[in-house]
Amino acid sequence: MELFQQLVNGISLGSIYALIALGYTMVYGIVKLINFAHGDVFMVGAFIGFYSITVLDLSFFPALLISMAACAVFGVIIERIAYKPLRNATRIAALITAIGVSLMIENGMIFIRGAQLEAYPTNLLPSENIDIFGVSIKSQSLLILGVSLVLMMILQIIVHKTKIGKAMRAVSYDAEAAKLMGINVNNTISATFAIGSALAGAAGVIFGTYYIKIEPLMGVLPGLKAFVAAVLGGIGIIPGAMVGGLLLGLIEALVSAAGFSLWRDAAAFVVLILILIFLPQGLFGKNKREKV
Amino acid sequence: GCSDSEKSGSDGDTIKIGANLELTGGGASYGQSVVEGMELAIGELNKEGIDGKKFKLVKYDNKSEAAEATGGATKLTSQDKVSVMVGAATSTNTLAQVQIANDKKIPLITPTGTNSDITSKDGKVNDFVFRTCFIDPFQGTVAANFAKDTLKAKTAAIYIDSSSDYSKGLAAAFKEAFTEGGGTIVKEESFVQKDTDFQATLTNIKSAKPDFVFVPAFYEEVGLILKQARESGIDVPFMGGDGWDSPKLIEIAGADALENTFITNHYSAEDPDEKIQGFVSAFKAKYKDKSPDAFAALGYDTAYFIADAIKRAGGDATPEKIKDALESTDGLALVSGKMKLDENHNPIKSASILKYVNGEQKFETKVNP
Amino acid sequence: METTTPLLNIDHVGIRFGGLRAVADVNIKLFPGELVGLIGPNGAGKTTLFNLLTGVYVPTEGSISFEGEDLCRLPPFKITRKGISRTFQNIRLFSELSVLDNVKVAYHSQAKHTMASSILRMPGHFSGEKDMHEKAIEFLKIFNLDQYMDEKAKNLPYGQQRRLEIARALAANPRLLLLDEPAAGMNPKETHELMDLIGLIRKKFNLTVLLIEHDMPLVMGVCERIYVLDHGQLIANGTPEEIRNNPKVIEAYLGEEVS
Amino acid sequence: MTIFKQSKGFWLSVLLSFILFTVVQLLLTGGILNSYYENMIIFMGINIILAVSLHLIIGITGQFSIGHAGFLAVGAFASAVITMKFEMPLFAGLLVGGIVAALAGMLIGIPTLRLKGDYLAIATLGFGEIVRIVFLNIDYIGGASGMQVTHMTTWPWVFGCILITILVIRNFTNSSHGRACISIREDETAADAMGINTTYYKVAAFVIGAFFAGIAGGLWAHNFYIIQPSNFGFLKSFDILIFVVLGGLGSLSGAVLAAIVLTIVSTFLQDYPETRMLFYSLILIVMMIYRPQGLMGTRELTSLFKRKTKGGSKDGNHHTTA
Amino acid sequence: MLKVEDINVYYGNIQALKGVTLEINQGEIVTLIGANGAGKSTLLKTISGLLKPKNGQVLYEGKSIGGKQAQAIVKQGISHVPEGRRVFANMTVQENLELGAFLRKDKAGMKEDMERVYVLFPRLLERLKQQAGTLSGGEQQMLAMGRALMARPKLLLLDEPSMGLAPLLVKTIFRIIEEINATGTTILLVEQNANLALSIADRAYVVETGRIVLAGTAEELTSSEKVKMAYLGGH
């Protein structure tokens, strides 16, 4: 029974990672940039949601939508100002910029409102415990799992079935050839950032609702974990992010359950390294050797 | 060159106080609270001044990193030549400055670093290092006795923030006192700061079926632990130390989760004591109705602690004279209680035990050292 | 020819990529000093075969031996040190390095000075580097590349980059040289010069050469024997004349009239 | 190219560095630079060593490693254990710190045999975090509270270590072995095909880089009075990475320059605690937008003083045996 | 139809085109020949908007298009099949073709053009669901051309369509180029294989180090001694 309880714990933690990882993996998949600022957009989303709820007195869903919209715009602004000038620069220069943007958002937030934390109102969504054979499942965990799954499917449909999705994949593979098809590369990349950041914003609000506590550095660790989840699943692959997130949550829960809670983060990274050594492209990545 | 400390401190009309605190990074909220308390106090003190001199606060951010704390302390002592240093808000970053304070002979006062090693280690007192708060063992012992005697707990679980010396110190003292009194520790678990999901470990604690859970940690995580613990059906009493004390704890955990929980503390913002209420309202007036936590109160007290010593030593006092004056502090009335130092530079203060009722702290009992 | 032992013996070699059998059951024997062509439609598996020979891929079936030694499962650098060196279909120079340094890298495995002697700048380092420097210049001279010596490889004109790739491959001191479409992207005049160059180095270095090309005048002009690959399998093998008239080859590769 | 020319440049740099050493030493003992500046200079020196050691791994060998703080941590704790627990002298501490870090470098070198680019980056980042968490859980070295370490690091020690680091890495880079590493950076498949044992050189780069990072760790430990696992998180790794990239990937003098400039900038910004990180990040972003190739590009400082030779590339061929 | 007037194009400090002027008339096949690095691809990229000329004019149907965004130029009817094919390897053949018609909204017309591509390249019809990256080189070239045709161009720019292809495929491709031209599409063809290019072209230009050094009808150039020596293999 306890094991089942721990599995449930792991899945509910994992779906949060998955939620953040979706946007991460989507941006990486298209732009091939490790957007370290993703976790910080997530944080901004959580705060926008918080202020919408407390200051504007909105309920959960309007706040979620406002946060998603605001983060989408924010993501596009970041891309236009910081990343766009570096499109043709080396990957590592872009990575450093992403680190810079991440620091900037964190410290900008601290500068604007201080470093103190805020607590989400606890009554936003009904929270009940569902007991099944002694295993208690929180209704909110189910909701988060459901939301992640739905978003994953929507994302998968956007990328693989819609016109903008085709444009995204074309740009991701070969931006110059995409231009020759009449695709506006700038707009397509902006759309990618908009969607990815909106997802981060949604994850922020949901995180706030679930874990209550938000603060300017809240994005750092979940951001890193989500990135690990994305890599585990095969970065750039949308269902991979989902599976990677859940897997990471399960690993962490089981390691803690075994009494090694202090080794939890290390275990996540050990698994990451092992998986990468044996499956260098992650679980779902196609093991393509470079064609010579 | 180390002999320049003679010239340190007062220059012209000002007395420089250095603050080397966690303004950014992981401990930022503690450092910022301390600064707010100190700035409030200095504002008040400067209305009168001491021997015609006013205090000037020189702030450095140690980014919550020990290395930066060392750098800041070096700068305060050799560049700014302050009379007294305040810092840091956490035990670890304070430890990083101890050697410099001793080497440069500039008093260092930590408002909130409760680790006992700060002021004395292996029986050797750090001459120039002081603190405004009580030390870890005291709180832990108080909590253990309370659990045993008042709550009649026979078994207890301890849930430690292993990234904090504070938490470990309290836990060790608790464990010793609790087992000495015949209780058993049925589970010891730990987490690290900034964790947000405690469910897996709480499931473990739940199955150990303790009568009582001791969580000596800071409110950020404690709030989440309490909430998640109650949600997963652990309804025994929880208790912690002054690290719990923040209005945010109530916001995070919610009033329901806080039922049946207790803390030991330096002070309580709800305390009707005149001095305390005076401080609380002055603080709220200055900082947009924000309620001061213990860090702010101790920051505030630290400034008065220093001012008192300088008053006694004279406005032109050298850092060494200030140190002597600090050592001889006796009966100074502060927000966090009356202050007297023992031979290890640790204040002898009483602790209060508070109980949360409907999300508010209610005075339970007072324990003297 | 039958009396000498083959320099290279490719024995029933094949490889799969997922469901695709990119190379299947290929048998090729090369004898010392030969210049042999390897042709076939796009995607026939020619480059893949080179990759198998040089250890980039490990064959899923069959074996390869060079001078009687089994090459399978050896890492690429060891195979190169055994005496097989190659160029790439898509030029792969060390683009930020100078032309001279590109050649020196290939000469590295013959260098005698150790890492320690270099770090401590012992005499061995200086003599080793000097020797390397002189050898590298020698190679560049043969290819008329010495005037570009200090230029970054990426700044070289395309045709010169192709030449540099061959020069670099030779600096690794091979007995068997594998050339993958060296004339790609060259116009007929440049191709002609390349043909002469290949002949020259073969004599000078006493090399065996296996050449992939789509340029029929080049292949037919220089090769003594030709293997034809289609869908991963050998469909023909013979002299240029035989290949030109082989109906299977015409159907799969050459088309009706050959110019 | 002759040995004579080589030694002329060599002796000149020896002379210059001797002068630099003496001037700083005199300023310190003469009290013109107070201990605040001494601290800054030492911190700068440690950063230089870190930058140069990572430069070998990323800039020269092209292995995208963002877990360098892990090696720093290993060196710091190992050396502190030697001096504090075994009460041996600083020299032994530094040496052991370097060696243990080098072993860790060999360990992390192994996954790199299969990983490339972003995947390698995240694996090394994971490695750095694992190191931190392992130290967090070792009570012998104080767990989260870390170790208190006596201050022993002085300018002569730092200077000596910088000198050795730069000499070794420069000598390595400007040799056939260094060229082998650069060829891996440029095109690993081609390097392999040219007979370069890429595995060996990748691991070698990690081992040498980690060794010097470990020495930097030893200096660090004995400068800051206290070391804790939390000092060596991934943000620290990013700091080091930023030196290397901002200096110009592939440029040793660039890495040194960036370490100096950024240490000064960061110290200067300490006076503005509320905005320091904001400025720091802004500098980073603006720098990358306007000069993505870093301060020096791939050039070396020395190439700025050399006359351009006929046919010599504008970018300078510092990788030849100059 | 297209007029390029005295354009200069730079890559950073390197000048790749120096005062190039040329003209293409409706319905022609015009070929550009020249050595590696002469600037042929640069010229095509400038016409299709991937590069911007520093000065000079590109006039298409009388209007200036020099410096316009690539997508605007595609919309006006110029399609560019780039050097090295550049198909989207991670997408299916069908998706590649659909991307070719990215800017179009007329469903019926697109369907019609799709049919036309299948007629020209029956191979592609067989492989609609296959990932483009797994096609053989020749098939990829067909796909790249089919994709460009999906934009229903009036002017088709082809950059070295025969590069790296087997002789059989080269012939097929050239036959198809003539077929496309026969249906009214004007073609600007860049080729290394000068013999072959001249054999199907109406007119030709010879490019050397960024300059047009010779121009004339295909017959004139085929018989020119200079061209024979430099580009036709000298015999």
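Should a chain be cited, it is by its letter among A, B, C, D and E, assigned in written order, with residues numbered from 1 in that chain.
Methods note: a contact is a pair of C-beta atoms (placed from the backbone, for glycine too) under 8 Å apart; a residue touches a chain by one contact, two chains touch by 3 or more.
Every value quoted in this text rests on a predicted model; they were computed, and no experiment measured them.
Can you list every chain in contact with both chain B and chain E?
Neighbours common to chain B and chain E are A.
So which chain is farthest from chain E, going by the mean of the CA atoms in each chain?
B
Compared with chain A, which chain's mean CA position is the farthest off?
Relative to chain A, the chain whose C-alpha centre sits farthest away is C.
With chain centres taken as the means of their Cα atoms, state the distance from chain A to chain B in Å.
For chain A versus chain B, the centre distance works out to 36 Å.
Can you give the whole-Å distance between the Cα centres of chain A and chain C?
Centre-to-centre distance between chain A and chain C: 47 Å.
Would you kindly tell me how far, in whole Å, the mean C-alpha position of chain E lies from that of chain D?
Centre separation, chain D to chain E: 50 Å.
Mark out which residues of chain A touch at least two other chains, giving numbers and ranges.
Where chain A meets two or more other chains at a single residue, that happens at 107, 110, 262, 265, 292.
Identify all positions of chain D at which a residue touches two or more other chains, and write them in rising order.
136, 189, 274, 277
Which chain E residues touch at least two other chains?
none
Contact residues on chain A for chain B in the complex?
Where chain A meets chain B, its residues are 2, 5-6, 9-10, 12-13, 16, 107, 110, 114-119, 122, 127, 129, 136, 138, 211-213, 215, 217-218, 220-222, 252-254, 256-257, 259, 261-262, 265.
Of all residues in chain D, which touch chain C in the complex?
It is residues 1, 3, 6, 168, 171-172, 175-180, 182-183, 186-187, 189-199, 204, 250, 298, 309, 311-313, 315, 317, 319-321 of chain D that touch chain C.
Along chain B, where are the residues that touch chain A in the complex?
Its residues touching chain A are 23-24, 26, 28-29, 32-33, 162, 189-192, 194, 196-197, 199-201, 203-204, 207, 220, 223-224, 227, 231-233, 248, 251-252, 254.
So in the complex, the part of chain A that touches chain E is made up of which residues?
Counting only chain A, the residues touching chain E are 163, 166-167, 169-170, 172-174, 176-184.
Using the touch definition from the top, list the residues of chain C that touch chain D in their complex.
Touching chain D from chain C are residues 54-56, 75-77, 80-81, 85-86, 88, 92-98, 100-101, 104-106, 108-109, 111, 113, 115, 118-121, 125-126, 128-130, 132-133, 147-152, 155, 168-169, 171-172.
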